[in-house]
Structure formats: structure tokens, C-alpha cells
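Shared between the two complexes below is subunit A, which pairs with subunit B and subunit C, respectively.
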Partner chain A sequence: MPNFDILNLFQGIATMVYGDPTITIARIVLIALGIAFVYLGAKGTLEPLIMIPMGVGMASVNASVLYLSATATGTIFIDPMISDPAQLMDVLQIDFLQPIYTLTFSNGLIACLVFMGIGVITDIGYILIAPFSSMFIAIMAELGTILTFPIAVAMGLTYKEAASVAIIGGADGPMVLYTSLILAKDLFVPITIVAYLYLSLTYGGYPYLIKLCIPKRLRGIKMDLHDLPEITRGEKLTFAIITCTILCLLFPVAGPLFMSFFVGVIVKESEVTRLIEFIEGPVLYGSTFFLGLLLGVLCEANTIMNPKVFTLLILGMTALLISGLGGILGGYIMYFITRGKYNPVIGIAGVSCVPTTAKVAQKEVREVNKQAIILPFAMGPNISGVITSAILAGIYVTLLR
Partner chain B sequence: MTGIFGSIELAGIVYILCALISFGVAWMIKGIYCGIRMQKAKAVPVLAESTGKTS
Partner chain C sequence: MRERKLYWILGSMTSFSGVALVRLLAPRLSEGSYTAVALIGYALSFFGIFIIARAVRKNQLKIQRP
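Presenting the complex of A and B:
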């Protein structure tokens, strides 16, 4: 009878036992983290749409490491580091998620599809009502994107890498994906993972930031809804098509993202019901699901054990924290300009995680004053935030490419 | 532009550019909004005149 090693039957365990101890520990930690994400996502603490598929992907991929040859280990999920066309063709036929990664993720298509979906669920009427105050708050909420850039350079990143990680401060997942793809392809995977991880945490973290920075008395300020004029469909359509064209003209490099967002808006305002149902259902949820799953699968220990990951984790958190504080500062400035009529909590909605931050703002206000409705006012800065993030991404990419 | 000071300078330029363009977009939005509202205001009396109806 030949020598028989029972561990060879269970290669996931064998690769853990015989592998590099650092990688083994990282795999165990990532499996535990994946399970925690599923739990917290299902509980509603973290954004379930992203975190549930991401958690499942993370736990599965780190458990599924096997021997691909006598010396090499890997998985048959995905190989994000492959660039040689011949090898890519082989991998496309073996790794089951590789076609989705190569054809939708690494070229930014999935980001554009998510943006299209966001466009369809966004009512741009709110930005037409108060464009200057909305833009002002959105610019203030980009403070993290600006200040993180020199901090990242001071921590040893190159300008291109620093800009890619600084964009996390804009809290716009597709924008981070897009910028890092163009400016820092080597750090694309860890930056994107860090970004989506933190974007999901904004849901849980920003309420505490609001409570910490804004006293209860100011959080409960009621805003006058009678001031809101009615915006017609024609006005919204005119605004969408002109703004889209001008922004594409100014920043061709961010053109796909602008087009995707505004095509969603235009479809919504054109009231083409079947297209609306298609984009806000299968397109948005389908792309969000695969985005989450791919992000989870990309969290394989060997892929993300990059020495720069720890730096990225710190910088991602710094960017979002400064942006949140900047937004709140913008809210305070508006509060003083309007002599106390503006609820400063709206400032947090300038961080353009549409519509999460606007919903967080409304939730926080409602906790203090049940009759206060600020969501329509918060949606203006929220949508403006998308525009300013895209402008910033366009500027960084144009200047540093 | 290189080094930390270069990055601070660049960040400043990027922020100013972003603010200018964003306010430009806001100004354009206001322009579109006011333009459409003015067209509507002009259209109403013309329509009333042509149909002979007054509100």
C-alpha cells in the first residue's frame, strides 16, 4: 500500500498546516472576519447588500486554498494579478469568477453599472432647489479627499497611490475603483477592498460622529418644507443632459462615470417604466451582489498580504473621518449663515455615499425630534457630493496620469 | 512638484480647482432653473393672448 497522508484528502487544511505560518494566520483571521461580516450584515449593523456576499466570498476563498502544482498553492476562484494574455485565457477557463472579474471589474464596468442604478434611484430635483448651499457642503465634505493626499505621501506612498487612496474620502465606491484602476493598478485590489469595507462602516460609524459633534438641541432643528418649490420633469431632464455633457467635456477621463450616473437620472425622469425597473432591479442589485462577492473573493490572504495594506487601512479611515468632520463643519457654517434655520446634521450628507449618509442624517434627526424631516434637504448635498467626487477624481486622474 | 510640500501644494490646487468647477456647476444649475422658469413666465401671457383666455 502506498504512503497515504490523510491531509492530502483535505487540501484546504493541508495548505494551512504545511503553509507559511503568517499566511495561515491571515487566512484564519480572514475566515473569521468573513463570518463576522455575514453576521453583522444580516443583523443590519453593516450594509447587508455588500457585506453578506463579501463575507461569504471571504470565508470561502480563504478556506479553499489548494495545491495547484507540487509547489504552488492557489484557488480556483479568481486570479487578480494575472496580466499575460495567454495565461489569462487559461485562467478564464478554469477560475469560475475570472470572467466576471476580467470583463466587468477590472475595466470599471461594474462601477458604472452601480452608478447607473444610483442615478435611477436619485431625485436630482433637490439639487436644483439649492445648488449653491448643496455644493458648498459637498465641497466641505471632500476635505478628507484633499487632506489625506499629503498625509499618504508623508506615509511613503507615491503621488498616484496617494491620490487613489485619498479618493476614499469622497465615499464613492465606483469612483475609488475607477481612480485606483487608472492610477495605482498594483494597489487596486487592496485599495478597493479597504474602500468598500469603510464605506460599509460609515453606516455604523457616522451616527456616533454626528452625536459627538452636534448637540441634541441643534440635531432637532426642524426645517421648513413649505419653502421647497416644485421642480418639473422638464427642468430635471434639461439639467441632467446639460450637466452630463459639460462634465464629460471638462473631464473625459471620468466620462463613463458621468454618463452612467446621468443616464440613470434621465431614464428615471423620462418615466420609461420598463427601463427604470430593469436598472433599479437587476442591474443595480445584480452588480452590487457581484461587486460584494468579488471583493470578498479578492480578500484571499496571498493577494492582500501586501505590506502597504496596513497603511491603506489607516489612510482610508482618516479620509472618511476628515470628510465626515468637514461635512459637519459645512453644516455648522450653513447654520450660522442662515441664523439657526439650517440643521447642521445635513452636513454629513455631503459625504456622497448616496443615499446612505442622507438616510443616516434623517435617522439621527428623527431620534431627537420625531417631526423633523430633513431628507429632501439632505439629498441636495448628497447628490452634489457625487458630482464633486467625480470632479476630484477627474482632476487627480488628469493631473497625475 | 515632489515630496510632502509638493503634495500639499498639489492638494491645495486640486481643492481650489474642485471648488471653482463645483460652484461653476452650481451656477449653471441655477441658470438652467431660472432660464426655464423665466421661459414659463413669458409663455403664460402669450398663451393667454393667443387663446383670448385670462386667468
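Presenting the complex of A and C:
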């Protein structure tokens, strides 16, 4: 009977046994993490739309490492580091997710598709209800995006890497993806993963920040809903197209993001039902699904094992924490300007994780005062936050590219 | 209605003037003036957007409380 080696039968295990022990440990940890993401996503603790495909991708890619030649190991999922066009043509025919990565991920298209989806589910009228407070709080909630940059530089990152990680403070996944792809391509995988990981944790973490910073008495402040103006479709359309044009003129490098967001807004306000259904269904959910799956697949131990990952983990958390605090500070300033008529909890909604942070704000207020409705006021800063994040991404990319 | 249009036009003009400062005038200036003019341009552009947004609200409040 020929000498039968069980490890040859299960190449995924063989590559683990014969590989670098550090990478082996990282692969085991990432498989476990992937399984945990699927479980927590299905349970609803983490954002299921991203975390379930990401978890599956993460677990499978780290279990699927095989011998590509006598000496080299790898997977037939994706090769994110390939740059030579001739090699790319070969890989496109072998790695099954490579076409999606090359044609939608590495050029930022997937971020723009998600942005179109966000645009189509966004009502820009909320900004027009209270333009000053919306814009002011959104700017305050970018504090993390601004302050994390010097902190990151002080921690040893280059300017481009620092800007990419600072954008996490804007709490906008597609924006982080877009910026890091342009500014720090080598680190875009860990930065984007850190961003999405933390974004799904904002739902769990921000309520504690609100409770810590705002006393119960202030959390229960009722907002005056009688004063709410009705914004017409024409006004929303005009505002959207003028703002889009001006922002594109000012920051052409972030033009794709502005166009994607505002085309969604304009399609919604134009009431073209078939386009709305197409963008908010197949485009948004399709791109979110592939975004999650590809992020998971990119978490292959060899790709993600970077000495800077720990720094990125700290900086990502710092950025979101400072942004949350900045938003709350903005809420407090509005509270004092309006002489106590403004609920400071709305400040947290300036962190533009649409519509998560606005919902978090409403939930926290409801816990204290069942009569208090702040959602229409919280959505304004929330949507303004998307625009200010894109503006800051544009500024960083323009200055540092 | 006429007042609203005035705000729209004023806001748009202010914003586009800001864009012109940033994109057309500032690049032709020396480094010191470039930053100042560009900053003024950015501020002007955002202020224009704010005028448009503010006009909508003012107008709506007038309709609700004649």
C-alpha cells in the first residue's frame, strides 16, 4: 500500500502545519473571528448586512490556503497586491473573486455604488429643516477626523496613512475605503476592516458615551415639532443639484462620491419609481454584500498581518471616540445657544453613520422621556455628516495625493 | 416666491464666486496669498450653500405663519 499522507488530502491543514507559525496562529484566529462575526451578525449584535458575508469570507479564505507550486502557498480567491498587467490578466482567469475586486474595488466603484444607495434612502429635506444646527453639529462631529491625523503622524504613520485612518472618524465605511485606496493602498485592507468593525460597534458603544456625557435631565428634553417646515420636492432637487455641482467644483477628486450620493438623492426626489427600486434594492444590497464578502476574503493572514495593524486598531477607536465627543459638544453648544430648547443628544447624530447614530440618539432619548421625538432633528446632522465626511476626504486627498 | 428666488440666486452666486476664487484666482497668486484667497473661497462657497438652505426654511415659516 502506498504511503498515504492525510495532510495531502486536506491541503488547508497541510499549509497550516508546514507554514510560518505566526501565520498559522493568525489563520486560526481569523477563522475563529470569521465564525464569531457570522454568529454575532446573525444574532444582531453586529451589523448583519456586512458582518455575515465578511465572516464567511474571512473563515473560508483562511481555511483555503493551498500549494500553488512546490514552494508557494496561496488561495484561488483573490490577489489584492498584484500590479503587473500581464500577471493580472492571468489571475483574472484563475481567482474567482478577482474580477469583482479589480473592476469594482480597487477603483472605488463599490464605494460609489454604496453611496448611491445611501443617497436614495436619504431625505435631504432634513438638512433644510434646520440647516444651521445640522451643518454645525456635522462639522463638530468631524473632530475625530481632524484630530486623529496629528495623533497618527505622532504614532509613526506617514501623512497619507494618517489621513486614511483619520477618515474613520467620519464613520462612513465607503469614504474610508475610497480614501485609503487613493492614499494608502498598502494599508487599505486593514484600515477598511478596522473601520467596518468599529462602525458596527458604534450601535453598542455610543449609547454608553451619551449616558456618560449627558445627564438624564438633559437627555429627556422635548424638541418643538410644531415649527417643522414642509420642504417641497423642487426645493430639495434644486438644493441637491446646486450643492453637488459646487462641491464637485471645489473638490474634483471626491467628485465620484458627491455625484454618487447626490444622484441617489435626486433620483429619490424625482420619484422615478423604477430607478429608486433598482438603486435601493439590487445596487445597494448587491454592493453591500460583495463589499462584506470581499473585505472578509481580504482578511487572509498573509495580507492582513501588518505590524501597523495594532496602531490602526487604536487610532480607529480614537477617531470614532473623538468624533462622538465632538458631536456631543456640538449638541451642548446648540443647547446653550437655544437656551435649553435643544436636546444635546442630537449631537451624536452628527457622526454620519446613516441612519444608525440618529436611531441611537432617538433610542436614548426615548428611554428617558417617552414623549420626546428628536429623529427629524437628528437626521439633519446625520445627513450633513455624510457631506462633511466627503468634504474632509476631498481635502485630505487633494492636499496629500 | 420672488423673495425665495432672490435667495436661491444670491446663494448660488455666492457659492460660485467662492469656487471661482478657489479654482481660478488662487492658483495664479503667490503661495502666501494663495492660502488666504483659497480659504476665503471655500468659506464663501459653503456660506452660499447655507444661504440657499436658510432661505428655504425662512420661506416655509412665512407660509405657515402668514
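Following the convention adopted for this analysis, the second predicted complex is superposed on the first by the 398 of 401 C-alpha atoms of A that agree within 3 Å, B and C clash if a C-alpha of one lies under 4 Å from a C-alpha of the other, contacts with A are read in each partner's own complex, and residues count from 1 in each chain.
Assume a contact is a pair of C-beta atoms (placed from the backbone, for glycine too) under 8 Å apart; a residue touches a chain by one contact, two chains touch by 3 or more.
Keep in mind that this is a model prediction, so the values were computed, not measured.
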item	value
Which superposed partner A:149 touches (first subunit B, second subunit C, both, neither)	first
Partner chain(s) touched by A:128 [first = subunit B, second = subunit C, both, neither]	both
First (subunit B), second (subunit C), both or neither touched by A:230	second
First (subunit B), second (subunit C), both or neither touched by A:287	neither
Partner chain(s) touched by A:180 [first = subunit B, second = subunit C, both, neither]	neither
Subunit A residues touched by each partner, larger count belonging to subunit B or subunit C	B
First (subunit B), second (subunit C), both or neither touched by A:249	second
Contacts of A:399 with subunit B and subunit C, given as first, second, both or neither	first
On subunit A, positions contacted by subunit B and by subunit C	127-128, 131-132, 135, 231, 235, 238-239, 242-243, 246, 250
Contact set on subunit A toward subunit B in their complex	127-128, 131-132, 134-135, 138-139, 142, 146-147, 149-150, 153-154, 159, 162, 231-232, 234-235, 238-239, 242-243, 246-247, 250, 384, 387-388, 391-392, 395-396, 399
Touch list for subunit C against partner subunit A, complex	8, 11-12, 15-16, 18-19, 22-23, 42, 45-46, 48-50, 52-54, 56-57, 60-61, 63-64
Partner subunit A, residues of subunit B touching it in the complex	3-4, 7-8, 10-12, 14-15, 17-19, 21-23, 25-30, 32-33, 36
Parts of subunit A lying in touch with subunit C, wherever the complex brings them together	127-132, 135, 227, 229-231, 235, 238-239, 242-243, 246, 249-250
